[in-house]
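What follows is chain A paired twice: with chain B in the first complex and chain C in the second.
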Partner chain A sequence: MSIPASRILRHIRLQINDFDEAKVTDFQILNFLNRALSAISTILSARDLDFLSASQTYSGSSASAGANLPADFQAVKEVTDGNSYTLTPCYLTKTPTTYEYKVMGEKIYCGAASYTLFYRKFIAPIDDFANDNVALPAYFLGMIVQVTILLMQGAETGALIQTINNMMDTDIPTTTYNKKRERVMGNAG
Partner chain B sequence: MNVSEALIEIRNKINDRDEVGLANEEILAYFNEAIQFISQFLVSVDSPLMLQDLTINAATGTLPANFIKMAGIFPVKITGRTVKLLDSPPITLRYFGGFDRADMNEDVPLKNEALVRVAIRLAAIYANNQQELDVTQDKALLADLQNAILAAVGAEPAQQGG
Partner chain C sequence: MLVEEAVNRIKAAGRGNGNDWGVDRVIDFLNTALQQISALLVANRYPPIVKTVQLEDGDDLPENYMFSCGTYPIRITEGKVEFLDDSLDEIRFRYFANVGKVVKTSDDMPFTNDAINEIVVKGAILLALNENAYNIGQDSQLVSALQQAVASGLSGTGPAVAQTAE
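And then the complex of A and B:
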């Protein structure tokens, strides 16, 4: 479930009619693409879609020393211990007990012997077109290409966000497990 | 095509087959002027024909003598003819380079035959102009000439943006 950066590059070059690399360099496109990914990622996380969920399992307690958060960490969704019980967040000033965790700075602190962090990730920027992949489902290809080209044409931020939101409304499936669950819980509460 | 053959064709066009009007060196100068014109025109329309690669393996490098402009933006800082890399080397730059000068007994430095025809026509216009013959008609041909250059390299007319 990812799009090779080389495929995105080819689509963009086709659209701007510059396979000869006479007008725009890969360096320029890379920068605009990363800005586009950043904008898309920000708007996506506001919608909290399922494919932005990720998990990382830690072994060993990190109650006092803390363990590094994943590189693409954005926000905590849930933390469970080795038996899949949900842990609760604790005060920032407290050292977490076996059923607690806290996030401080770039680290997670947790008292459980082993635990899994479920988190919302952001779409990481890419470094080079030859080897990198964009961690988005294949149906985002058209949107990424369009947004990148809009940026290259000097689109303003407001108009850009509007465009991305419109595209997402029409292009991206929005029914997610998270939304269903939240609605149920919202009604119950 | 050889440069001396091209000069003979120019002489045919300006009716100076017996070398009574212009010396070979003068015609060669006009021919070079024509080549430079075609160079600059092709670069101004971003023709891929003029593109060249330059790989720099150290933190700084020197731009070649035929350098005209970069093809887009690279992470480099240019000061005069020195180019300094902002990222770590190596990096391959793409730039537009002009055609070399034509010299007697060498091949015409243009990359295809169609462009050589254009250069010959243009050199003939320059030569006639120097002799103060009427070039009004030839001037009117200039736009056609530019289109002829584009047609010669199979490019589209210049367009904005992109």
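And then the complex of A and C:
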């Protein structure tokens, strides 16, 4: 579930009529694309859609030394131990016990012997059109292209955010797993 | 088109039975007109005169460099290139190249597209006539209209193309 950066590049070049690379360099497009991804990622995270969820499993306790957070970490959703029990966040000043964790700086501290961090990620920028992928579902292609071109045309931030929100309202499915789960649980109850 | 044909046509445009200017002089006119058309094609972002080169930090710019195709993370000082991003080893640099000069009558005219060569010849004729003090006001207007038409037609900047900031 990702879009090859090379495909995005082709769509942008088609739109600006510059497959010849005579007007705009890949370097310029890359910068505008990364700014577009950052804007989209910020607005997406406010909506907390499912595909922003990710997990990372750690083995070994990190109660005092801490372990590095994933590179695309944005916010904690949940932390579970090796038996899938949910752990509790503790005070920043405390060393976590076996059922506790804390996040400080760029590290997570947890007393459990092994644990899994469920987190909300952000959409990482890309370095290279040839090999990189944008970690968004395929139906974002049109939006990414449009937002990048708006930025290239010098759109103002306010107008840009408005546009992205409008596009998301119309284009992006908003049913999230969380809502679905609530409904299922409500019916069951 | 051979340079010879171009030279003959420019000579024929004079009033002195083809003896107004010597061949070398006519080739000078041609070269001036070539520079003029090159600049026009660059201004219209004409892809066939684009060249690509792999640049490393500290390299000289290519000799026939006129203008880069967009922005690269480099700084140009006295014809030398400095990289602004240390993580890059080299940059695939695309630029608009000067078409170069013609030297002798057996040379080919530099453009493969004869429509452009025609305009070069027309431009050279204007330069030649101007030097002989003919009144070229009206011809000059016609030629510049022609230049614009061809340049925008070639580069597709003419009709119905969405343009973006560069």
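The rule is short, and it goes like this: the second predicted complex is superposed on the first by the 178 of 189 C-alpha atoms of A that agree within 3 Å, B and C clash if a C-alpha of one lies under 4 Å from a C-alpha of the other, contacts with A are read in each partner's own complex, and residues count from 1 in each chain.
Here is the rule we go by: a contact is a pair of C-beta atoms (placed from the backbone, for glycine too) under 8 Å apart; a residue touches a chain by one contact, two chains touch by 3 or more.
Because the structure is predicted, anything quoted here is derived from the model rather than measured.
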Inset, instruction - Using the superposition on chain A, decide if chain B and chain C clash or fit. - result: clash
Legend entry - Contacts of A:I149 with chain B and chain C, given as first, second, both or neither: second
Inset, instruction - Scan A:F27 for contacts with chain B and chain C and give back first, second, both or neither. - result: both
Inset, instruction - State whether A:Q15 touches chain B only (first), chain C only (second), both chains, or neither. - result: second
Legend entry - chain A positions touched by chain B in one structure and by chain C in the second: 16-17, 20-25, 27-28, 153
Legend entry - Interfacial residue positions of chain B with respect to chain A in the complex: 46-48, 51, 71-75, 94, 96, 161-162
Inset, instruction - Using the touch definition up top, name the residues of chain C that touch chain A in the complex. - result: 45-47, 50, 68-73, 94, 96, 155-156, 161-166
Legend entry - Sites on chain A touched by chain C in the complex: 15-17, 20-25, 27-28, 149, 152-154
Legend entry - Residue ranges of chain A touching chain B (in the complex, touch as defined): 16-18, 20-25, 27-28, 153
